[in-house]
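Here subunit A shows up in two complexes: once beside subunit B, once beside subunit C.
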Partner chain A sequence: MAPKSRVPEKSSVSTSSAPKAKKAGSADAQQIVQDVWSKYVNKTPQRVKLLDSFMVFLIVVGVLQFVYCLIVGNFPFNAFLSGFSATVGQFVLTASLRIQTNPENKAEFESISHERAFADFVFGSLILHFFCINFIN
Partner chain B sequence: MRWLFSCMLLALLGAVQALSSSGQRLLVILEDEAEREKYSVLLEDLSSRGFHTTVQSPKADKLSLFKHGARAYDHVILLPAKSKGLGPALTANQFLDFMNNEGNVIVALSSDHATPSSVQSLLLELDIHVPSDKGALVVDHFNYDSTSAADKHDVLLLPFPKAIRPDVKNYFAGEGLIAVPRAVGQTLGNESPLILPVLRAPSTAYSYNPKDEADVVEDPFATGEQLNIVSSLQAHNSARLTVVGSAELLQNKWFAEKATINGQAVKTANRDFVQKVTAWTFKETGVLKIGKLLHYNNERVSKKLNTSVAIPEHNPKIYRIKEDVAFQIEVSEYEIDHLAPFLPVENDALQLEFSMLSPFHRLNLTPLSQTANATIFGVSFRTPDQHGIFNFRINFRRPFLTNLDEKRQVTVRHFAHDEWPRSWQISGAWVWIGGIWVTVVAWVGFVALWLYSAPTTNSVKKTQ
Partner chain C sequence: MAAAESETDKFIKQVSGRNTRGLLRVIILCLIAGAAVASRLFSVIRFESIIHEFDPWFNFRATKYLVQNGFYSFWDWFDDRTWHPLGRVTGGTLYPGLMVTSGAIYHLLRFLTLPVDIRNICVLLAPGFSGLTALATYLLTSEMVTSPSAGLLAAAFMGITPGYISRSVAGSYDNEAIAIFLLVFTFFLWIKAVKNGSMFWGALTALFYGYMVSAWGGYVFITNLLPLHAFVLICMGRYSPRLYVSYTSWYALGTLASMQIPFVGFLPIRSSEHMSALGVFGLLQLVGGVEWIRTQIPSKQFQTLLRALVLFIFVVALGGLVLLTVSGVIAPWTGRFYSLWDTGYAKIHIPIIASVSEHQPTAWPAFFFDLSMMIWLFPAGVYMCFRKLTDEQVFIVIYAVLASYFAGVMVRLMLTLTPIVCVASAMAFSQILDTYLNAKTPKAEPAKENGDSKDAAKVAAAAVLPEGLRSTRQPLIGVYSYASKLTVMGASVVYLLLFVLHCTWVTSNAYSSPSVVLASRLPDGSQHIIDDYREAYYWLRQNTPDNAKIMSWWDYGYQIGGMADRPTLVDNNTWNNTHIATVGKAMSSREEVSYPIMRQHEVDYVLVVFGGLLGYSGDDINKFLWMVRIAEGIWPEEVKERNFFTPRGEYRVDEEATPTMKNSLMYKMSYYNYHSLFPAGQATDRVRNARLPAQGPELSTIEEAFTSENWIIRIYKVKEPDNFGRDHQSATSFDKGHKKKKAPKRKGPRVLRVE
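Now for the complex of A and B:
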C-alpha cells in the first residue's frame, strides 16, 4: 500500500508548485548547513577546531601568494616556490596531525599517542621552515 | 713570471738576429756562374742587410733545401736557368715542403728561358698561372721605355704600386718608375685567398709571344690589369713566395738606368723596388709579433691600466658568468731590423673574440699605450651569461701581414650558491618572504595554543 499512496503524492508535488518546492529545497539546504555547522561547533573537540582554523589560515595565505604570483609575475621564482610551498607543506603536516589526533580515528592510530604525533609535527615543521628560508636565500 | 721569461727570450732572440725576423741563410740558385755578375748589386745589398748568401747551381751535387730533415736555408731566390729541368733537389714538392717549414721563396721568371717544369707545377699548385709557351712577354704601347725598346715596346716603365685596398698597408710604395724588361705576366686564380698582386701591369698592357708569325694577336694569355708582373703568396703559416715576372728587373743593369717615357727622361728606381720586394718576402717587413698577453678580472680591483701592482691575479684560469673582464695584448711589427709598435690601418681594427665554438663577443681592441717596440691594445667586457670553456682569441689575417692566431683558454663558471643577491634585496620577493614568516609565526602561535589547550580538550572529552 505504501508505494501506491507515495506515487501520486510525488506527482502532485511536482506538478502543483515548483517554486514552493525550490523554496523548501533552499530552506532544506540552509537547514543542512546550519545543522552541519552546529553539529561541528558542538561535537568537535577544541584541538581539532584549532587545527581546522590553522588550516583555513594556511589556505588563505597560500591563495594570496598564488594570486600575487599570477598578477605580478614569478620573478624571483625560488622566492615564490619557497613562500608557496611553506604554506602547502605546513598544510599537509597539519592535516596529518589532524588525522592522527582526531578522536574519531582513535581505532586506527592506537599505537601513536597524541604527544608522539605532535612531536613528529613539530619536527617536520622545523625542517620545512629551515628548507624554505634556506631556499628563498 | 712566464711572460717575463718570454719577453727576455724575445729580447735575446732579437739581439741574436739583428736582421730578418726569420733567419739569414739565403740560397741563390743560379745556373751560370758567369751570370752572377749581373746580379752582384742585388747580392751585395742582401748581404749588407745581413743575409749569408750561398750561390749554388741547380746541378750542384750537394744542393738540397733540407739538411737532417730541417730547413738548410731560410730563404731561396730562384733565378732563371737555361735547362728545362731543375733536378731532383728542386722539385715542386721540395719547394712546397720548404714553405711548409716556413721558408720563403722568390721565383724569378724570364721570357728568354722556358719556365722550368718544377716551377710551373709549383705555381700551378699555388693557383698562379704563367703562359706555357716559351718567349711570351708583356708589351705595352703606352708605357714603354723609348730608349731601350723603341720598337718592341717590351720594356715597361711602371709607377710603384698603390695599396691594393684602402684598408691595407702598402709595403711597396716608393718614388720613381720601375723598369720591367721583357716580363712574363702571371694571372692569379680566384679561389685562393692567399695570393696577392704586388705589381700589376697597366690596363693597356697585354701578353704576347713575339715568335708568333701572325700580325694580330689573337686570344692573348691575359690583358690589362689581369696581368701581374710581381705577385705573391703568403701561406697560412706565413711563409712567403714572390714571383717576379722579369729576372732582368733584378739585374744591375736596370737598377739605376736612364730611360725615356713619352719623351721624358727618367731614372729607373728598380733598386728601391727590389729592396722592398725582397724585404717583404724575407720577412723584414710586414711581420707581426704578439708580446705580453694579459687578461684579468676587472671587478673589485682598481682599474689602473698595465700596472701589475693593482691587479691581483694575471690570466686566471677561471671566470664567472656576468663578470667584468679586461684584456690587454702587446703587438709589435718588425721593421727591417727592429720591432716597432704596430697600429692597424685607419679603417681596420685588431679584434678580440671571446668564443665557445662560436664567438659570444667580437670586440675591437683599442690602442691604450705604446712602449718602445709594441702597442698595447686593450678592451674590457662582461662575460656572457653562459658557462663553459671559452677562448680569448686573436685572429688577425691581413694581406701582406703575417697571420696572428693566438688563443687562451679559460673556464667560465656559473654563479656559486652564495653569489646570488639575497632575497630581501629583490623587492618582488617581499610578499613571499612575508608568506613564509607569516606561516612560521602562525605555526609558533598554533603550537603555543595547542599546548595551552591540552587540558580543555580533556574536559571536553569528559563532558562528552
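Now for the complex of A and C:
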C-alpha cells in the first residue's frame, strides 16, 4: 500500500491524465508531465530531493521483496515481515521527515525545528530497526 | 517591615506566581496519587497481604517462576503441571507485561538493597500503578482543555472511582492492574502526537502501545480506536500532515512492537480485528500522496479525478479485504468479538465465554454503582467537546461513544469506559467551578480561560435584554451574586463529598474481598474469617504426592496450581474447550461413566466447592448447569441439559430432583454424608433453600478424603481398581452387606481426616 502513494508523481499523473488526453491530445498531457517535472526539478530543495530519492529506493526494495514473496513463497515469514516492515516503516518515517522539513508546511509544524525533526527521525528509525532485528529470527 | 512584606508579596505574585502554582499542582497530584493508593489498601488491612481471586494466582505463580528461573526460561516455559496430560506452552500463551514489570521492580529493589518479598510486590503493584494512572489522566485531560482544574479533578476522579478500583485493589494482581495506566498514557501520547505532528511522540505512542500489547488483550481497543479517530478526522475533511506523521509513525512502529509478543505474533496482519488499523494506514498513504500531488498540479480537473481515484482505490482495497477474509487468509473475527455485537451470540455458540460472569451484559445500576455522580456529568462533558470541536476533542467523543456501548455489552469493559468518564466529567465540573468561582476574582488562574464563556454570555445577554439595563452596561458579565455562587458551590462541594463517600463505601464493601478468604459477621458484630479455601489447598499440599492430579471445575485450576502446587486438568486459561467439556462430562455423568474418564486422565483427587452448609452461593452446584452445557456442546448424545430439570422446568436438588441430577457425580460429591450433620430428615441446603432427601447419596468409585471446616471445599480420592477385579459398585455393596446394613452413614471420612 505504501509504495503507491509516492510513485504517482509520474505514474498516477499519466494515468489520470489519460481521459483528458482525449480532449486536448496526448501532446498536452506530455506537456503537463514535463511542466510538473521541470517544476519539481527546479523548485525542490536539494535536501528534499535527497529524501525523495531515498524514498524511491525504499519503494523499489519493498516491491522487490513483495514480488519475491509472491513468487518464491513466504517461508521465513518472520524474515519477510521484518524486511518488508522495515522498508515500509523507513519510508513512512522518511516521508514524515520530508513533510516536517518542507518549507511549505512551516505553518503546520511550528513547534518542530528541522534539527528536531531529524532527531525524531533518528529516534524512530532506531526503534524501528531494533524491532526488525529482534523480529527477524 | 510592612513595606518589605508588601515588597515580597509583589515579588511572589509577579515572579513566582506560576512556579508556586506549578508546585501546588505537583503537591496536589502527589496527594491524589497517595489517596488512590491508600483507598486500595482496604483488603490488606481487613484481611492480609494476599493474592485475590482466580487469575491473579496464575500471574503470581508465573511471576515467581520468572523471578526464580530468569527471563529466557520464562519465555520458553512449557508448563506440564496444568492441563494434564496436555500441558501448556505458557511462555507463548500469556501476556508477559505484568510479570516482567513486577520482576523488574523486584530486581530493582534488590539492587537498591531492599529485599522485598515478591508476593508483596505483586499485591501492591495494582495500587502503585493506579497512582500513575491518576497522573496519566491528569496529563490527558490537560491536553484536552486549557483549564488547569479539569486535569486535577480528572486525576482525583480517576484515583478513587469504583469502576477502576474494582480491578485494582491491593492483591488483585491482574493484567488490568497495569493495563489501564498504559491505556490512558498511550492515549495521552497519541493526543500529544496528533497535536504536534511529531514523530517523537508517535514513536513513544508506539512504544507504550507495545507495552500495552504485552500486558493485556484489551490492546485491541487502542488498535481500533486510534484508526477510527484518524478515519473520522479524514472524513471530516481535517486531514493534515500532522495526522499523517503521527498516525503512520505510530502504526509502522506499533505494529512491529506488537508482533514481538509471541502470543500476538502474526495476528496484526492476519486477523480482522487489526485490519482497520492497516486500512487507515493505507488510506492515509493515499490521501497524503494525493495531497502532495495536488500541490504540484495546478489544474482543478485533476483534483476531482484524484479524489475519485482515492475513493476507487479505497473501495477496491475494502473489497480485497473482504475477499481475503472470506477466503480465509485473514482470520475472521473471534467469538469474543462477535459477542460484543450480538449479546446472545456467546450463549448459543460459545458457552464457555458466556459462563464467565464478567462477560455478562451490564445491569443499569452497575453504572451508577461504579461511576456515581460522574454518570450524569459525563454527557455534559461530551457535549462541551462538541462546542469547540478540535482534533483531540473529536477523540473524546469517539472514545465516549464506543466505550459506552462496550460497557453496556460486557460488565468487564466498564473498565475501559471509566477513564473517559473521568475526563469528560472533570471537564464539565471544572467548567462549573471556573464559572462560579472565578467570575469576580481575576487573579485566579482560570480567569483568562473564562474569556470565551463570558463573551458568549455577553452576546446572549445582549440578545435577550434591552440595552438600557444596568447589568448589561457593565463591562464584565459574570455571576456576581454571592447567593447564587454560594448555592452552586455548596451543591458542588456536597456532590464531591458524596462522591468520595460513595467511592469509599463501595470500595470497602464491594471490591475489597479477596474471595479466597471470606469474611462474615458474628452476631456480636465481630468479624469472622472463613478460610476454607486455603485450608483445603494446604491440605492438598501437605497430604498428597507432589504429582497427584487434581480434577476440579476450571475456576479453581489457577488456585490449585498457585496455592496447592498440584497438577490440574483444566484451569482458567480456557484454551481447550474439549478438555473442559471432558471434565464437565465427568462431573455431570453417573459414576460408572465418570470413573473411566477419571482413570484415563490419571485423576487422583476430585475437588468440589459446596456452599450448602454456609449459604455460600458461588459453589459448584450453582455453576453446574454450565458444566452440563459445555459438556453437551461436545457430547450432545450423552449429556443433556433437559435431564437436569424437573418436568416442570425447575432446577432442584431436593427430593424432587431428577434421577440424572441425583446420580451425577457432582450432586453426589456435594451432598455426600451431608445429612449426617443434621437430625434425621432435617438436612437443608442453605444456598438453594431446599430440604434434602433423608437418604444421602452413596459413592462407590471415589471416597471422601477431606472436607474443610465449613464444608466449602470437599476433596475426594479416586479409588484404585478393586483388588479382586470386581467393579466398585459390587464391591461397595458387598462391604455393606458384610456390615449387616448397620448404618448408612459411615464414619470413614472422619477417620481419614484424623490421620
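What we mean here is this: the second predicted complex is superposed on the first by the 113 of 137 C-alpha atoms of A that agree within 3 Å, B and C clash if a C-alpha of one lies under 4 Å from a C-alpha of the other, contacts with A are read in each partner's own complex, and residues count from 1 in each chain.
We adopt the following convention: a contact is a pair of C-beta atoms (placed from the backbone, for glycine too) under 8 Å apart; a residue touches a chain by one contact, two chains touch by 3 or more.
Keep in mind that what you see is a predicted model, and the values were worked out from it rather than measured.
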Touching partner for A:132 - first (subunit B), second (subunit C), both, neither: both
First, second, both or neither for A:92, with subunit B first and subunit C second: second
Partner chain in contact with A:39 - subunit B first, subunit C second, else both or neither: second
Which superposed partner A:65 touches (first subunit B, second subunit C, both, neither): first
Touching partner for A:83 - first (subunit B), second (subunit C), both, neither: first
Which superposed partner A:75 touches (first subunit B, second subunit C, both, neither): first
Greater subunit A contact set [subunit C / subunit B]: C
First, second, both or neither for A:112, with subunit B first and subunit C second: second
Subunit B and subunit C footprints on subunit A, overlapping residues: 82, 132
In the complex, subunit B residues that touch subunit A: 420, 422-423, 426, 428-429, 431-436, 438-440, 442-443, 446-447, 449-450, 453-454, 456-457, 460-461, 464
Subunit A residues within the subunit C interface of the complex: 1-2, 4-6, 8-9, 12-13, 16-17, 19-20, 32, 36, 39-40, 77, 81-82, 85, 88-89, 92-93, 95-97, 99-100, 104-105, 108-109, 111-112, 116-117, 119-121, 123-124, 127-128, 131-132, 134-135
Subunit B partner contacts - residues on subunit A that touch it in the complex: 43, 45-47, 50, 54, 57-58, 61-62, 64-65, 68, 72-73, 75-76, 79-80, 82-84, 86-87, 90, 94, 103, 118, 122, 125, 129, 132-133, 136-137
Of subunit C, residues touching subunit A in the complex: 196-200, 202-203, 206-207, 240-242, 244-245, 248-249, 251-253, 255-257, 259-260, 266, 269, 278, 281-282, 285-286, 288-290, 292-293, 295-297, 299, 301-302, 305-306, 309, 313, 317
